[in-house]
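First subunit A sits with subunit B, and in the next complex the same chain sits with subunit C.
Coming up: the complex of A and B.
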């Protein structure tokens, strides 16, 4: 019963702030509402005893992505800026899409038979996760782990090259007159 | 009441038993949450005030002064008087500020601080949480507090605040890496992230001695990066008073300013407590393997006193930094992190892995 109260509290927070995120006209407030949604989701993971995923959610989303968003907003927009209200046609069409999507989802959920799995639960503790992440045998994730590492490395190198001040071509062929530049 | 200064488990158990004897489980849980919450509130408020007092005394000692001496014996009540003054101040909100975010920001900072402090064990049996991700949880939660700083700077609608917040954000986000990697080095050594497991692993000798070279390097990196993460001098350019009046909290007054102030000092405590837990054995007394007589004498001192002695030693070290070194420039700070601390840390992790694999530790 206790966990039910907590669940409804968290679910209510997620719903409320998800709606606020897309309806607010101030861009930084939208980022903050999104932060509340992400932190409440971490709360749901804590309720499921999936502590590791909850902490990852907090570090990566709340401490990483939202901070990045807030940083870029700080650099680009002014405090008095407000987004324009959507026009009549736009609001009508999007409301129609949302209602249709919601009805479709609800119908699918109502008609689907959810069956409880009879397999024994896998322990979500850190040691178990760590072992599976780097093992290459049964239930091992070594290959996806390495592939994602290479992808991230490539993304990092790419972003450094994009952010470089001098162009790459100038760097490949340094001119003799001005070697320092 | 089964009170025992060496182990608090009987005390907490007897409180739990007496509560559940007279109440149903839900009410017991609610009352226990209330007790724990009030205990943490009291601890944070009183300990924060004491740290402010300690900082002023330490600063005075480094500058050949006496520091606060007028209010109470040796000025002990000075910070309490200051706090009462802060509480009575008018709460001012700048006219063109984003009021919602302006009022929210101090709470984000203080909530993140409270969540980080919740996993720290003060003595055997005196911890509210102990789960398998302990150390990771502290770094995860403290990464949220930077959002409060950024919001405070932006929503104040003040140039100084905004510049202070940007500096503080860049600094905290970069130094988080070093703090995390230094902790990972020690997690490799301890083989667990659970705080009780880490402390138990130091029963024979503290990790900073057992892990010798890589552990000492990790400790130095952790203390430097931890000082930077709490925005303290010599890394305090987020609130460099000679350039930015007060940085991100320029526009805050009264209790809202007190929140930022308190959070800063409690973050200092958290960094010192993490250094204590991971490197200096937490509440574990100083033991030397097989010297039973020596260990017995050390065991006479309660864990609570061991913990706070070590925490104060680390806090004193960090105050020493603040009042000795001049403030760094922003590009120097970022250079220090990305060109020195981070590569040293990565090499140190490999060194530590070698030490653990080859069994070269004590």
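Coming up: the complex of A and C.
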């Protein structure tokens, strides 16, 4: 019975703070509300017994992405600055679209009959996860694992090159233009 | 430990969260808050995958690994997006999408 209360508590936190994230006018507060949403999602994963996933959610999202966002907010805007809101007409039309889409989706999923698989369950503990992540047979995820590692390397190099100052490239250029001279 | 919460509750939660993210993406004018809306959308998809894996297909861990990979892609996306945003700020002194209307000086 108490796990029901826990679910509704987490769901209420997620819904409240995700609405606040997209409606608040202070950008730094939006980042902190997003942090609450992500931590509550990690709580949901803990509730479903996906402990490793919840730990990854906490370290990567709450520890990494939100901190990165707060850094970039502090670099690009003043703390006291308030964000401009969209025009009345645009907000109204967006709200209409969003509410219609949400109602349509909820009606569809309430009418759909989900059938659960009856095969024995696999426990999502770290030993199983590690074994699946590097095996290449059935239920092996070695290929996505390698692709993700290359993606992370490419993203790291790409973001360093995009964000660095132009003067670094300009300093190197004139010396090796014509090596013969 | 899930008690007797049906799958539909998780799906409704993630639906509302997804459309909140869409609303933010449509109405916000600041690049960083638009990025936050995208994170909300990705997070709601993660909840969907995890709920489906837990309730419908507990015999393998496909949803779990999808979620892990989505989290990694989201981290890479946030890093590249923030690098681009900082570069835009250096050139335009603003990250409002209304003011960023030139490809090149």
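As a working rule, the second predicted complex is superposed on the first by the 163 of 181 C-alpha atoms of A that agree within 3 Å, B and C clash if a C-alpha of one lies under 4 Å from a C-alpha of the other, contacts with A are read in each partner's own complex, and residues count from 1 in each chain.
What we mean here is this: a residue touches a chain if its C-beta (ideal position, glycine included) is under 8 Å from a C-beta of that chain, and two chains touch if they have at least 3 such contacts.
What you see is a predicted model, and the numbers here were worked out from it, not measured in a lab.
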Look at where subunit B and subunit C land on subunit A after superposing the complexes, then choose clash or fit.
fit
Touching A:132 in the superposition: subunit B (first), subunit C (second), both, neither?
second
Looking at A:64, would you say it contacts subunit B, subunit C, both, or neither? Reply first, second, both or neither.
both
Looking at A:9 after the superposition, I want to know if it touches subunit B, subunit C, both of them or none. Which is it: first, second, both, neither?
neither
In the overlay, answer first, second, both or neither for which of subunit B and subunit C A:26 touches.
first
Who does A:91 touch here: subunit B (first), subunit C (second), both, or neither?
second
Where does A:110 make contact in the superposed view: on subunit B (first), on subunit C (second), on both, or on neither?
second
According to the stated criteria, A:142 is in contact with first (subunit B), second (subunit C), both, or neither; which is it?
neither
With both structures fitted on chain A, tell me whether subunit B or subunit C touches more of subunit A's residues.
C
A:162 contacts which: subunit B (first), subunit C (second), both, neither?
second
Should A:50 be classified as contacting the first partner (subunit B), the second (subunit C), both, or neither?
second
How many Å separate the nearest C-alpha atoms of subunit B and subunit C in the overlaid structures?
14
Shared subunit A surface residues [contacts with subunit B and with subunit C]:
1, 56, 64, 73, 75
Could you list, by residue number, the parts of subunit C that touch subunit A in their complex?
1-5, 7-13, 15-17, 19-24, 26-30, 32-33, 35-37, 39-40, 43, 46-47, 50-51, 54-62, 64-65, 67-69, 71-80, 82-87, 89, 95-96
Of all residues in subunit A, those that touch subunit C in their complex
1, 3-4, 7, 11, 14-15, 18-19, 21-23, 27, 30-31, 34, 37-38, 41, 44-45, 47-50, 53, 56-57, 60-61, 64-65, 68-69, 72-73, 75-77, 83-86, 90-91, 94-95, 97-99, 101-102, 105-106, 109-110, 114-117, 119-122, 124, 128-129, 132-133, 139, 141, 144, 148, 151-152, 154-156, 158-160, 162-163
Would you mind writing out the residues of subunit A in touch with subunit B in their complex?
1-2, 26, 28-29, 32, 35, 39, 51-52, 55-56, 58-59, 62-64, 66-67, 70-71, 73-75, 79-80, 125-127
Mind listing the subunit B positions that touch subunit A in their complex?
26, 29, 96-98, 100-101, 104, 131-133, 136-137, 139-141, 143-144, 146-147, 150-151, 153-155, 157, 162, 165-166, 169, 173, 176, 192-193
